[in-house]
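Let me begin by presenting the structure, written as structure tokens, before commenting on it.
Just so it is clear, A, B, C and D label the chains in written order, and each chain counts residues from 1 on its own.
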Amino acid sequence: MKKLINAVDDVVKEQLEGMLVAHPDMLKVNFEPKYVYRADAPVANKVAIVSGGGSGHEPMHGGFVGMGMLDGACPGEVFTSPTPDQMYECARAVDGGAGVLFLVKNYTGDVLNFETAVELAHADGIKAQSILIDDDVAVKDSLYTAGRRGVGTTVLCEKVVGAAAEAGYDLDQCADLARKVNMYGRSMGMAITSCTVPAAGKPTFDLPDDEMEIGIGIHGEPGQKRMPMATADEITTMMVNEILDDAAYSRTVREWDREEGTWVEKDLTDAPYVEGDEFIVFVNSMGGTPVSELYAVYRKVAEICEKRGAKIVRNLIGPYITSLEMQGMSITFLKADEEILKFWDAPVNTPGLRWGA
Amino acid sequence: MKKLINAVDDVVKEQLEGMLVAHPDMLKVNFEPKYVYRADAPVANKVAIVSGGGSGHEPMHGGFVGMGMLDGACPGEVFTSPTPDQMYECARAVDGGAGVLFLVKNYTGDVLNFETAVELAHADGIKAQSILIDDDVAVKDSLYTAGRRGVGTTVLCEKVVGAAAEAGYDLDQCADLARKVNMYGRSMGMAITSCTVPAAGKPTFDLPDDEMEIGIGIHGEPGQKRMPMATADEITTMMVNEILDDAAYSRTVREWDREEGTWVEKDLTDAPYVEGDEFIVFVNSMGGTPVSELYAVYRKVAEICEKRGAKIVRNLIGPYITSLEMQGMSITFLKADEEILKFWDAPVNTPGLRWGA
Amino acid sequence: MITKAQIVQWLTTTAKVLAENKEYLTQLDSAIGDADHGINMDRGFKKVMEKLPTVEDKDIGNVLKTIGMTLISSVGGASGPLYGTFFMRSGMVVTSKEELSGDDLLQLLQAGVDGVVQRGRAQLGDKTMFDALSPAMDALRSGLENQDDVVTALETAVAAAEQGMKDTIPLQAKKGRASYLGERSIGHQDPGATSSYLILKALLDSVKA
Amino acid sequence: MITKAQIVQWLTTTAKVLAENKEYLTQLDSAIGDADHGINMDRGFKKVMEKLPTVEDKDIGNVLKTIGMTLISSVGGASGPLYGTFFMRSGMVVTSKEELSGDDLLQLLQAGVDGVVQRGRAQLGDKTMFDALSPAMDALRSGLENQDDVVTALETAVAAAEQGMKDTIPLQAKKGRASYLGERSIGHQDPGATSSYLILKALLDSVKA
């Protein structure tokens, strides 16, 4: 294993130390327990948006803390969900009185830990709500699996809901918007190399030179299937079609009932896309794939959309939700209505995403 | 070789096609010969800033075309200098009457090709000037080598001079500022893996698992020396000290005399840094190194600067001048005065660098 | 009777065994997960070892609850809240005890396993830690019902856990990260079932000692 | 006399030889450069082959000038302007000729080499293409002065180029990308010197044919 690191156990801590000295205008860092939070937190009467998850996906989530996006981010160890004490204490630090919305990627670990955090925050008198992001179309059903993973849509949701909170949306409005963004978003990923978790010291999986993993998540885990390596055009076509043709997806999620202080089950179904839909398209590098290759992919995405009557109205291209140094990419479509576009275009000022400010 | 590409020969073209469909608000692309230029070019009465070089360093240069930075960028084949016809035709497309400043990285190929372009532009009645960027302290002398390579300072120079042109600087003022930025900038790079030029199909060099290349350029070429792999702190310390302790550097450069229509030689000497100097610090990924590792490096840079009385007043951290998927990083210091800081902070709106707009 | 010293020994042995099996568990997790289970468990039980001296004078219930909270706030991932809940719930049913009968042990473990199911909602055959824990509970219960001594009953429980762990190999995962692999999860042993077996084995060894 | 057909043959043979040696030259460049010299030269001469039919009816001077401009606008890198200049300058001294004497050939090549030096400012021993070109010119000149026929003179010139090429191995590069390697450039043959040798060899073969 070759990385620009010191001791394996200090990887997350030292990265946070770097962020703190690099961006004192945007964020602060708490180290025991670990969380990143807005430099001007708590922002009075603004809903606080908090996310978190395993480290190794940078800039997500810590790099999205700042004006117009996240109020707080809780980094776990590499590829390992953070713990409830981090989330709870982060929520306390950023709550400006209007409550805290947790944006949670749908992985068993994240879900279980954030559930505990919501309970702790609630017990402490903080208005807390959590919304699951589960947008990975590579996971086909929710009955025989842990359900779709939360991937690319997470970044777009954090941006859009962060801007809405900035604009004065209350907690329920933010939660409703987050739920909508999630239900409008679909992603798929692939990898051509594995990555190496520092503590593990060797690649998570072996991938022969002539094969690729399709339907991969963001944790360096193996994907849905292994296929012979193909051209960028072939790969892109396969993924975009899988996203655009994705059927209605149903699952039961647990959302927090603030009145009752209990979890309630909700059945949600994502409607399939239809011709004429407008989209924000996000072509993402898994880390090791250079942006030049992403543009070759985006070119093909645009071509297919043109043919299929899908209208791309905004895009994001780059490494935003990564898996360490893994080579590969993911494609996310987010159906965009006026509300979503307004908040997408709103100013954002974070280390990882910045415009209009 | 595993990459998200189609035919090896189409790599540069398809990337440009992707940029064109992705960013029609910021830029346009000409394909025969290849150059990227501002969507609103030519901007009347504004000095046009044009750069270029081999492809494979994305987002540099095409990703820096847009308001507040470059008017044009000429991409060569991967790691191969572009040709004079590209530069000349690009200059014609972006000249708004106030002249064209070429920012040229000091590599034999780039220098020779841009020299021809200047001559062609001049012959065509375009006010043209070129400034060399040569900031790589890993190259020790200019007598027995082709001189210091142009590396990280290039990005900072394009940003600063681009903003100055936007603010109304004339051609000589832009050239003077570019020369100053170059003389105030010093960089050093290193790599822990090689990269693979698509057309070559295999890694440029082999690097054993326990070794690294120090003093590497940005073309996947071997570096100044090979050393046993070390920790991020050790590597950072070595590189920052080499930059801060760098002695006066002298060389003879050729600049264009617009009156006479000939090249004139100029002796330039970069003064060493002194305690109390203020800096823009740029920690850059060679492509495959994730931003998380850059933050660990930045943390150490900040610590050393603190100790040595070097004041970091701005920073840039991320993959901006890359070598395909190479893992490694470079560190750039740019001594910053009021003029430089003003233009650094000015709005910029390009695919690769964006703030305030 | 099982003494508090033996319970403390259990935790200590678990920490040792998980440290020894850190790479093995991580390797199992790299086949069908994200290559961190061994790292997670080792990190958590290293914290447990730091915490243990500060609570050794407390009763067994308190010791276990503290260990549960320590795991929750240090392991992360799926296994953190699950094992954390396991020990918290275990501790709750033996509040203020300084030693345990066989029946106490049964109740303690059953409460822990119930907690795992409540949090994680795994069913038998989903290819999770529950597939090792559940048969172990059945064996322990029938052993004690047959008037076996605790060590003998635990021996059959550990054997059942080991069998349950091995039986996860042909299963297709339906919960946790491995479920994303669909049929590709078949043919690999579940890391969580493996750590559960190791933890129960450590209990047996500590009670025998 | 050397005919225009032979000059055209030279360019065609060069294109073929450079295509055959694309990987070899690139490999040499990967040792002390950026692994593109073979790719660059092959790309350039492929363009030359596209262009050639459109100028074949022009005189030798025009053919060479067009080839030079083609190289300049298609090769890039350091070698593009250098070889481009080489052919442009070569063409300039034989304007409107349809065939060449030995002396014409000498002047043509000398003008080309002078152009390379003027652009690139290399000195003998800098480990560049000039280290193959320069001894070849010396050999050609003295051969012709000794009244050798053109083929014989060219044969000694090509032998000298080959020797010059090999002699770049122990040199430390002082120009171009290889100079960044300092002492590490020692022990490797210069790619540009190698392509220069191949181009001169192609000339010999075409004149002999």
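To be clear about the criterion, a residue touches a chain if its C-beta (ideal position, glycine included) is under 8 Å from a C-beta of that chain, and two chains touch if they have at least 3 such contacts.
Just so it is clear, the model here is predicted, and its values are computed rather than measured.
Separation of chain B from chain C in touch steps, taking the shortest path, is 2. Under the contact definition, chain C and chain D share no contacting chain. Across the assembly, the mean Cα position most removed from that of chain C is the one of D. Separation between the centroids of chain B and chain D, computed from CA atoms only, is 31 Å. Taking each chain's centre as the mean of its C-alpha atoms, chain A lies 56 Å from chain D.
Arrangement of the chains shown, judged by which pairs touch: a linear chain-to-chain path with two open ends.
Checking each pair of chains for touch leaves A-B, A-C, B-D.
Per the touch definition, chain B reaches chain A in the complex via residues 2-6, 11, 14-19, 21-22, 55-56, 58-59, 63, 192-193, 209, 212, 229, 231-233, 235, 287-299, 302, 315, 317, 319, 322, 324-325, 327-329, 349, 351-352, 354-357.
Within the complex, the chain C residues that touch chain A are 26, 30, 32-36, 39-40, 43, 72-82, 119-120, 172, 174-177, 179-182, 184. Taken in their complex, chain A has these residues touching chain C: 33, 54, 76-85, 107-109, 112-113, 115-116, 138-140, 144-146, 149, 197, 199-200, 204-205, 217, 219-222, 224-225.
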